[in-house]
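Working notes for the structure below.
Going by the order they are written in, the chains are A, B, C and D; count residues from 1 in each one.
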Amino acid sequence: MVSNVSMAVNLGGIHMKNPVNTASGTFGHAWQFEGFYDVARLGAVTCKGVAAESWPGNPAPRVCEVSSGILNSVGLENPGARAFAEQYGDYLGELSSRGCAVIVQAVGHSVDECRRSVELLDEVAPWAAGIEVNISCPNLARGGRLLGGTPEDAEEVVSAVRPLTKKPLLVKLAPARVGEIARACEAAGADALSLVNTVNAMSINVHTRRSRLSRPTGGLSGPAIHPIAVRMVWEAAQAVSIPINGIGGVATGEDAAEMILAGATTVSVGTANLYDPAAASRVLDELEAWAVEQGVSDINELIGAFEC
Amino acid sequence: MVSNVSMAVNLGGIHMKNPVNTASGTFGHAWQFEGFYDVARLGAVTCKGVAAESWPGNPAPRVCEVSSGILNSVGLENPGARAFAEQYGDYLGELSSRGCAVIVQAVGHSVDECRRSVELLDEVAPWAAGIEVNISCPNLARGGRLLGGTPEDAEEVVSAVRPLTKKPLLVKLAPARVGEIARACEAAGADALSLVNTVNAMSINVHTRRSRLSRPTGGLSGPAIHPIAVRMVWEAAQAVSIPINGIGGVATGEDAAEMILAGATTVSVGTANLYDPAAASRVLDELEAWAVEQGVSDINELIGAFEC
Amino acid sequence: MKATRDSARAHLFDFAVVSNEQVAEGAWCMVFKSEVAALLAPGEFVEVSVPGDPSQVLRVPLSFSRADAEAGTVRIEYAVVGDGTRRLSLMRPGDTSTLVGPCGHGWRLPGGEGRVLLVAGGIGLPPVLAAAEMLAAAGRTFDAVVGAQRGSKLVGVDVDLLREAASADPASRVVVCTDDGSLGRAGFTTDAMAELLAERSYDAVLTCGPTVMMAGVARLAEGAGIACQASLERMMGCGFGACSCCNVAMRDGTSRSCCMDGPVFNAGEVAW
Amino acid sequence: MKATRDSARAHLFDFAVVSNEQVAEGAWCMVFKSEVAALLAPGEFVEVSVPGDPSQVLRVPLSFSRADAEAGTVRIEYAVVGDGTRRLSLMRPGDTSTLVGPCGHGWRLPGGEGRVLLVAGGIGLPPVLAAAEMLAAAGRTFDAVVGAQRGSKLVGVDVDLLREAASADPASRVVVCTDDGSLGRAGFTTDAMAELLAERSYDAVLTCGPTVMMAGVARLAEGAGIACQASLERMMGCGFGACSCCNVAMRDGTSRSCCMDGPVFNAGEVAW
């Protein structure tokens, strides 16, 4: 689509030619989508989280369907940062040179592990436009407590990793206490925030009395959580001045537009990629059409333009 | 349906002939459903929340549709406890004598208002089997803070109202920090807990850039929140030993069964009543069929029988 | 009023589509068979469950233009404005679903014996047609103003039926107007109404249409000292008094339920 | 292996139903037209979007029994086990939807020139039929064991096609068995397999069916020192490598992707 609306945005130092990004863990390592559309049209892609060393993840089944969404318990299976760069670095570097910002994601089971994965990613992924640190995975069993579940914990992680890279640093939040935690991350030096991660939830097979996943709980994602995510983006946008990458149930241009009106600078398409592999590309077209309809000359005019 | 499974349960002193209850605010004052089925077949009904004095509620529009759910911003409109008993007391008293436990709900904008509404309800609703105090309405603007949003606040409200009635006292929780808050309510003398209330959420009309409700945010309910609610019931059931009334997206017998397996003693049908007015009655039949299929002689054997 | 076990009027019914066709730009007419037909009074409505998308849970509230108790059929007209009405337009003869009804409180037969004025705008026409047939059956005379944005959006068959209902009274006038003058006279229904008020006297005004139009009609009626009933629309959660989602703010500061106390209200009591 | 821009094989295609009929107790057979037909290799699968319920978002992964590149048609067989497959069974000739494919990594033509043994259980039959036709086309000989709970659940037309594929080889044996003896011999596929192994020698075993059955087949093959390929099933989020939901635990402690590395695996490497 060719329009006169400027779609370029700046996500805390990551320059994107348009606001459409993908959500970590739902877009493989991007190359899988080249059969559906030219991935380089997207403003950015965010890769699956990687740790310093490989993680096995949870046993099968790892996914089940619920009303307007899915539950997953992948458990952050990943090959470790070096193997990741080894297998996907050439492709991702090329994607980056094709004009699509590549964001890599760091995970860890402790502050120290986070530190090591950020450090390693900074080293092995020179083509990355930014590093996102995931302080929110609900599948991470860590004494029952999330890495960044309280403002204090979040501040600790972000302060620890901040000095380790010169790249823009994103922090990915869980869907709880987002206002307070957003402020803590901003104070600790985050350049941007991604929210939200999946909502901890449960689905029981009532015939067997067991979980429909291999774990008692999993993370809810998809259209079901969209209204919750929009509210949290709005809450966070009012709490901080760093830009926000809005995530949660985005499947259409209107869903993306809601995020932007609520205060997001960029929007990540997640679960929709799985069932509608052309979703992110379509969301981009629909978002641009909306900006045209709104009569603005720059999409930035619509960020936070919700009227209440 | 006639079966050999005993369906009677005890919800903190409220004796119910079966575990099916209705969620406050989604069942009018029960009489509206007499055209759909014999309401007295239900184990209990829970009435819309009432304050000591009447509340106007929010302007229209108060409801909009989202994926697998609705958002509402009714704002606890109610005629006040005396007018409530005046208009509906005869019918509700009769319903109670027909064998259906009637639970009334008290709301307030402050601890003191809660106290007054519980006191008044105890006086004007002698036919009530129990009083539920709602410490969770997300629509209640109260300096942005919920009546029982922290364990300390919850304990304060419950301690304040506990001495005011000899009837079983239920406390209705918001969907956040349920484990800690459940413990605080139990410590303060609650006989049972109802959870969850709606999830604070947002829906924006991207053409007008305004909320689709008259308020920026509303409460999400319906099938979309069911997996979240089941997880919270499970969490609360592990935290306390008082019984739990499971609420959130229950529309089928299987949904109710999940709640019971997760640890609920009773189950309230909410939003489903609105679009499928026979839902609660059907849920009862389906729940009983499931208990038969599970080969138990008493539904109590299935409470918390989730295997993980 | 005190609620009793017998106060509940709404029941759950099956319905089967007899016909479902586009009758104007953006407007469809469906006739369905359902036992509810025998129970409906003019101005009441039904809550229809539209198949095809279980992720959209709510029913669609719809007025009707005619309920034939003998044939057991109900005729509704609707504008396709969103996904629910779009799916409704896809239903084919023989398709079945359920509805809740009768819902609400319909038109009250105006007191007196004088002429009544009906004012309908856009898709507000169906309940006004039902009112016309109610008045005709009661031997009352009426005039009608029917407006639309443009001629192509007007449900012509309803206007014909309205003329038919009025035909026992040779003095009756049915004025059609469109915003752009593409059919009938150019201008708003309120303009036509003002002219009629200047010429004739009425015992009552009954109106249904866009809120701004009804507010204007109510103002004119009040100015002329004529009782006015208006059929309101609200986003509804249930349609039968269970959820308090459909409140209508009244002038006296109180709030009423659109689905129980309405949808027809005394226009003078509404805070427009 | 390093990923490149050209590594992606899965594309999005439209498909149109040609026929869709029940072929056994609980089992349906659909033939559809789609450009994917020209790209599919035996043992691969497609991810079908089933219309009718937008609240159920995921696609349904389905193997195929035959892909005809010239006619542009694909034949799938499926058991109705839940709501997705129930809605699939309601699709009528002419109905259209979309699919993602080709997905996964199919059967590898076994090395050597000796006889191959195919073992299919229940709705695992379609990919095994595709394997039979692949072997026949390559001039390889094979025997087959096909099992079901009872005769009424067996897709007879597939067994006929399997026999047809085997017909070039007069020595070929196709053994049908049912758990209850209602068709063919009574007993499990693994019993029949054990007898065949005692009588004949095989270069390879290819199997698809319930996990417990495949585990048994894998054990027997391993005991006999025969290479075994098994087509696995997992709950899938995408089918093309985007979500890591479909992991298969391997004996060496690693984990593989069912939709990318599988669904066909060397049975000996899988942690059954």
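Please note the rule applied: a residue touches a chain if its C-beta (ideal position, glycine included) is under 8 Å from a C-beta of that chain, and two chains touch if they have at least 3 such contacts.
Everything numeric in this text was worked out from a predicted model, so none of it was measured.
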Chains in simultaneous contact with chain C and chain D: A, B
Chain centre separation in whole Å, for chain D relative to chain B (CA means): 48
Separation of mean Cα positions, chain D and chain A [Å, integer]: 36
Chain B residues counted as touching two or more neighbouring chains: 67-69, 223
Overlap residues in chain D, where contacts from two or more other chains coincide: 54-56
Category of the chain touch graph - line, ring, star, complete, other: complete
Chain B to chain D touching residues, read off their complex: 67-68, 223
Chain A-facing residues of chain C, complex: 54-55
Interfacial residue positions of chain B with respect to chain C in the complex: 25-29, 31-36, 48, 56-57, 59-65, 67-70, 72, 74, 77, 86-88, 90-91, 94-95, 222-223, 271, 273-275, 277-278
Touching residues (chain side chain B, partner chain A) in the complex: 66-69, 71, 176, 199-204, 206-211, 216-217, 220, 223-228, 230-231, 234, 249, 254, 257-258, 261-262, 290, 293, 305-308
Residue ranges of chain D in contact with chain C within the complex: 52-56
